[in-house]
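Notes follow the structure.
Naming follows writing order (A, B, C and D), and every chain is counted from residue 1.
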Amino acid sequence: MAYEFKAVRRVEFSETDMAGIVHYANFFRYMETAEHGFFRELGYSVVMDQFEPAVGWPRVHAECDYRQPLRFEDEVEIHLLVSEKKSKSLSYRFKFYKLNASPRVEVARGSLTVVCVTKQADGRMAATHIPKAFADKVEVAPAELLA
Amino acid sequence: MAYEFKAVRRVEFSETDMAGIVHYANFFRYMETAEHGFFRELGYSVVMDQFEPAVGWPRVHAECDYRQPLRFEDEVEIHLLVSEKKSKSLSYRFKFYKLNASPRVEVARGSLTVVCVTKQADGRMAATHIPKAFADKVEVAPAELLA
Amino acid sequence: MAYEFKAVRRVEFSETDMAGIVHYANFFRYMETAEHGFFRELGYSVVMDQFEPAVGWPRVHAECDYRQPLRFEDEVEIHLLVSEKKSKSLSYRFKFYKLNASPRVEVARGSLTVVCVTKQADGRMAATHIPKAFADKVEVAPAELLA
Amino acid sequence: MAYEFKAVRRVEFSETDMAGIVHYANFFRYMETAEHGFFRELGYSVVMDQFEPAVGWPRVHAECDYRQPLRFEDEVEIHLLVSEKKSKSLSYRFKFYKLNASPRVEVARGSLTVVCVTKQADGRMAATHIPKAFADKVEVAPAELLA
């Protein structure tokens, strides 16, 4: 059972904006870096086409609080924690740390709720149960880590 | 006094992802399209370098709830509503409508809180009062519109 | 028969980088804005799923020469010109003009070659003839415009 | 003296488009990943503010030829080779390899020309000599590697 994953990225030039800092929308791309690494670590891709029918994970809620800016070439750790596990959805908490600071500093905190879906005959997506093989590997993080 | 702005965009190919829909992080870029149009309509740029010292508007909170996907070439209206006005910050509500549907359908709802800052002598940003000339033009939207 | 299309965009904050100018990769996204507008004007989408089998238009070559920077809120015209028309591919020339300058100034020039493809039984893409109904509407621009 | 650098990335979900492949504009962002890694390996940042005056490296030409698509979670090696070194500019060749194929396959090839500039008193950029300390560390790659 796993409840966390840590991804590290270096801020790219193309992720900055004219204010000289990482554009705020990019934190949501960083969240996915950690989420997809979490899936891979469990032996899965977020594009779960090994199941029949294939399942996907659209986002239904996303948010982020920004405390300090990230700049070009900063090293950022994205710490994913599973904050909620339902039969058809997962929620994550994300803590963003700037590693090239001593001590490291938490620069942002976010969250994401994703729903497990399959494509119906009419092409629309419908929520479905998380495949058991995957669900069995995921658990909610301890409360003290989520705080 | 103004409390709203509507921007219309057509979804670009580069904004979609392999799920065939607009990548969720792009809704935060769409929010800025409406915000910056709102500023321009009031005679300002979000890069307020006409003030002395220059002021900027970093984001401190962003969130979005996704109801239905947007696809390539969909026409989307981003309706910005001022939801809160403080001495040093503004909050907006955003309602996203897919216009090429009959009737139009609300596909997402978001919010953003931005803080008015100036750069201090040490290069760090510090919150400051919203310039009066601009603040005088902005008011909170009626409660029934924000609902 | 059509050989050109002009799209106009306003530079978005999220398209700038820490150098204060539009990130160079975004000019390639701007090219598509004009290309897809060109297709729509002819009654088509670049996602041509009305044909049987459906055809797509992957890019095989892209290039751009940058002369002057574009900045936040600049108005840019992207002028697409068809520079070559083969049985299975099209090439475009793009001229980028900054409109909020007097006189307007050409800030960049690019080109793109795209191939008409269908998906084969094994899932791979193979070049195919441009559907006649579409090809009949497209012609190469006069040499003096391409210069 | 150095003439090459290899960066490895894993394709992110947000880098794909509705065709299920990496959007072509992102290859230009990948080129910068390798370029900036090359600079760092030599002890520099592409944002060279340690020099007086500070120098920057705007792009004046960029191009890419696409042979095969990259997909989500593919591992891509971006191999930068210095192809030309002038007093005020550098050119690179880029070879993109998909590593999770056996044998690895070259999926794209690109090039970039960047100019060393300083900001003049009037705010405009002007080409300047590459700082000697940095130039002394860079050489053109052997012809057989560039082929």
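Everything that follows uses one rule, which is that contacts are C-beta pairs under 8 Å (C-beta built on N, C-alpha and C of every residue); 3 or more make two chains touch, one makes a residue touch a chain.
These figures come from a predicted structure and were not determined experimentally.
Per the C-alpha superposition, chain A sits rotated 180 degrees relative to chain B, a value rounded to a multiple of 5. Rounded to a whole number, the gap between the C-alpha centres of chain A and chain B is 24 angstrom. With centres taken as mean Cα positions, chain D sits 34 Å from chain B. For the pair chain B and chain C, the distance between C-alpha centroids works out to 29 Å. Across the assembly, chain D contributes residues 13-14, 18-19, 21, 25, 29, 47, 72 that each touch 2 or more other chains.
Taken as a contact graph, the chains are fully connected, with every chain touching every other chain.
Note for the complex: chain D touches chain B at residues 13-14, 16-21, 23, 25, 71-72.
Every residue of chain D that touches chain C in the complex is listed here, in rising order: 18-19, 21, 24-26, 28-29, 47, 56, 58-67, 69, 125. Contact residues of chain C toward chain B in the complex are 12-14, 29, 32-33, 36, 40, 45-47, 72-73.
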